[in-house]
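In what follows, structures are represented as structure tokens.
In the two complexes that follow, chain A is the common piece, with chain B as its partner first and chain C second.
This part shows the complex of A and B:
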């Protein structure tokens, strides 16, 4: 309706660029502001493009498809250090693990906050808790995780040395702490989606004799699919890109080292690395000193993150009909 | 006939409402427990009787309606509802009868929607709401029902069309699913779904697209889908909260016809701001003001020769 009012037949909808170009009645301050905004936006695009292009150039220069499928090896010469199959596997495994923990917990927290939220003090406490977790640097979370998971109580989640010293580093423990990184994004996006559903839609479900649980399960969660998908994908992007937790809690071992014994459980109890730590270790800053491998791995990492961002866009942009409020 | 002077100015809300009622001529609020309201029965000279021919001054075509024999299904007895300190409905006694459409009219904030939402206990969802008096469904206090059971018997339609984000079929089947432990198959739900769509006058338009998303329908179709969704659970009372306020005139007409055709099987209460609509569809009209039931009577009589001054002002467009 408001759009109708704006576009009266004689006046074409104004485009901002033309307004700036023609100057018309804009004050000087406004003109400078607009120019600065344009400049900032342009600079950002330039920056993003240069990162991607530089990595593309470097990546294509060094990336050999064989690197993707060979295990990394210890070696002094770059030509003999193998590929980064294990870090890729580690990245995927850790992301799946962290998402598998964060998604149900995050959606659960969001539903509780949005649909129940009682007692109010607890809701407020949970809200601040989520915010604090969101604001905590991942290295702090990692150290905290190490403290927790080295307790003998959690010994079953990682290697245990002789004398029952708990190692505390494994895919399990790293995944658990990684889920904290994804959690706030999932909670936020899900909550936003739930709150965008008008109250009368809930009431319509109640008015058909449904209780709250059925309403959440059958109406509210399906209606929030997009928000949940966006949050989960954003969270995955954070998990893929995090380094500190992998270094501290996954052991950052060159190869995936499952615990002997049960196949899947042993793998999850074992240590490994991800692309981020692989890049770090092989960069001049790390001990590997194999910058070509680092560039190639960084390029793959960038591709994964770009793909995830693209997926977020795809999910969020899909047009879905909505209710009037 | 300034019978409502006590309502003017700073109306004292704590006053015993019967004191106000006592000053009014018969047509006010108290309803004999036996059923038929004792209020608002017009003297023979005053009203034109029940039915279609009593045209008020405005030339309005009344929606064609078959004769019915009204039976009381719901009744409120001295129903009061407050949100925190604010009294929204003040000792209202009303009868809701199958075979007729009852329209609740009145200016914004007069309590009509609150009254409507109390009938299926949707008001209970508002944390601050408190309720006094009784609401009876077939003689039984609604508080004694399991609330989900009550809401299946007393359906509701909202101001905005609000189909769920699922297919047309699933929307109509929504209320039928998950009632017991067994999950009904689509095949077993089909007859009920298509019947509900038929009754809501939507079947012909959607019969080939039952799997299409409901939110892709037009506004009017969505609202009729919501009617079908309510009808599928076979309610005995249907509450309509300004069901046409978001719709175009054609859709409005279709829905009004549906409402009138349903009234022989279902007791219908409609809240509307649209007086023309009330005249077209209602058999009885209750006029509310500031939480009080001011006047109740047959539609033609309330619109044609209202007894209370407030009603007269309102139906003639004086305020609201």
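This part shows the complex of A and C:
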């Protein structure tokens, strides 16, 4: 990551040209423009390098393996507030939950849009609907979710206080709204993959007597595994990084607080926090004000995100079977 | 294409029809969800709009005091306080979003041109993952770096004591400011735009720019006059996406741009950029704990309603702009 920072930033336009335009004149304005383009390119590299290196420095400085396996505690001093085991578990749980909802729904919508898509006006409406969901701020989705899940109809998904007031905050509700963030990415990637499959693949399947849904299940979905994988991984990246929904819908409690009752169901009905809210609450903006813990947790968060990014690359590089081309 | 084939060639059987119905219902659920969202949020927000009228959007008084009054309003529904003049928040949102999108557009156009045309091969290979990494860093990490590194730096070294003195009785300058908010937000939204614009510039047909070069203009001009022009719909789409992201950014801005509902005054000269401001989204996230207080919750939902309308309007404006550019350009996806 830092290797490029050392290459000397030569500002002159390079002589080897991809467009053959010898003898064309370079006015001063053009030269300034090219210089600014070089500057912008280097600025991006510099930013990424400094962010990663700075977080690496702070992370190695403050991250202690013990932090990863101890529960957070309430304490006035940074040395007594424990680690962030619960936020890590919360991040994993919430991501799995959101992906488990978003992946089948997203793939289903993409399949309908690309393979059925009738009536056309409905397909167009759904398409812009997905776009609108993608454009809606996550904080708006979050408080909309709170409004919905506080209806007594959804009482079974979260704590219920005396007098039938539904708390509305739980892993279930947060996961459901989080899935909306991942949804547009999954729909987009799956759709692109389905549309890239040539028509003769479908025709071959029909010729063998398969109907449309069997073709989708046995031929098209396996052929677009790579696209689906990319979309799901990108969606997971968004879910891992989102803070607003966790603040509003997961309660952002320090430790995971399962509801008493059946073990798994009670856990999902309970509240908790993720790495993002842990960082937020421990930054000077939150109540904890423990910058060392915040840096350590942010470093772990960054590692997860970089790993997911890397996974996208790996998935995209996988070879598709020859018949899908 | 394949749809036409399948329609005539295939005998319709029941499972297939049922599958189509089920998938169609699933897809329509998205529309239902959006309808629900709009109705729910607006119904909840209505009392706040109704009791303030259009004055809701205008300046007047201290917005933080008004919010406190609403939060502490008496328990009986008849005495609920709703008075709110949300102008400082709207102004802060427009200001921070606007400046960052302008900056991000300039930087992303330049760096996309750099990546497509001027970058040496090794650099081009580095830049793609760099852009993706910058786009993937969670906003709370940006916020953390902003509040722990940039805010103290600006507060201690950039803002002069005389500037702090000058506005002392109005607002305290401690580094959480429009400046830091805009800078960090620009870093957050630039990579989104770079990725889209780069793709679009790459898909400009080679012979278009070659034709321009054949007429004797240099590479920079060819790219600027032909490439960028052809990619205009994608640039608009990128700007819309970036603006939507900026409008909705809550956590990072609530960390670095100050938690004071203050309208920075352009008459203050340079100090203007050092004054704190709080956007709508940041206000919502800062006050999420008060949602259970009824009139206060309704006010917060009013902020959400404004955000919802602006992001919907934004997508529509982007669509309309792309339609008007149809001629002589490449269509954005």
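As a working rule, the second predicted complex is superposed on the first by the 280 of 325 C-alpha atoms of A that agree within 3 Å, B and C clash if a C-alpha of one lies under 4 Å from a C-alpha of the other, contacts with A are read in each partner's own complex, and residues count from 1 in each chain.
FYI, a residue touches a chain if its C-beta (ideal position, glycine included) is under 8 Å from a C-beta of that chain, and two chains touch if they have at least 3 such contacts.
Computed from a prediction, not measured in an experiment: that's the story for all the values here.
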More chain A residues in contact [chain B versus chain C]: C
Touched partner set for A:203, first chain B, second chain C, both or neither: both
Which of chain B and chain C A:222 touches, first, second, both or neither: first
Partner chain(s) touched by A:322 [first = chain B, second = chain C, both, neither]: first
Which superposed partner A:133 touches (first chain B, second chain C, both, neither): second
Partner chain(s) touched by A:211 [first = chain B, second = chain C, both, neither]: both
Partner chain(s) touched by A:105 [first = chain B, second = chain C, both, neither]: second
Contacts of A:294 with chain B and chain C, given as first, second, both or neither: second
Touching both chain B and chain C, residues of chain A: 203, 206, 211
For the chain A and chain C complex, residues of the former touching the latter: 3-4, 7, 13-14, 17-21, 23-26, 30, 33-34, 36-41, 43-45, 47-48, 51-52, 54-55, 105, 108-109, 111-113, 115-117, 122-123, 125-126, 128-133, 135-144, 146-148, 180, 183, 199, 202-203, 206, 211-213, 216, 237, 240-244, 247-248, 276, 279-280, 283-285, 291, 294-295, 298, 301-302, 305-306, 308-309, 313
Parts of chain B lying in touch with chain A, wherever the complex brings them together: 120, 122, 125, 148-152, 155-156, 158-162, 164-166, 174-175, 177-178, 213, 215-216, 226, 229-230, 233, 246
For the chain C and chain A complex, residues of the former touching the latter: 1-3, 5-6, 9-11, 13, 15-16, 19-20, 23-24, 26-28, 30-31, 33-34, 36-37, 40-41, 44, 107-108, 110-111, 113-115, 117-120, 122-123, 126-127, 129-134, 136-141, 143-145, 147-149, 187, 190-191, 194, 209-210, 213, 216-222, 224, 240-241, 244, 247-251, 254-255, 259, 281, 284-285, 288, 291, 300-301, 304, 307-308, 311-312, 314-315
Residues on chain A engaged by chain B in the complex (per definition of touch): 198, 200-201, 203-211, 214, 218-219, 222-223, 320-325
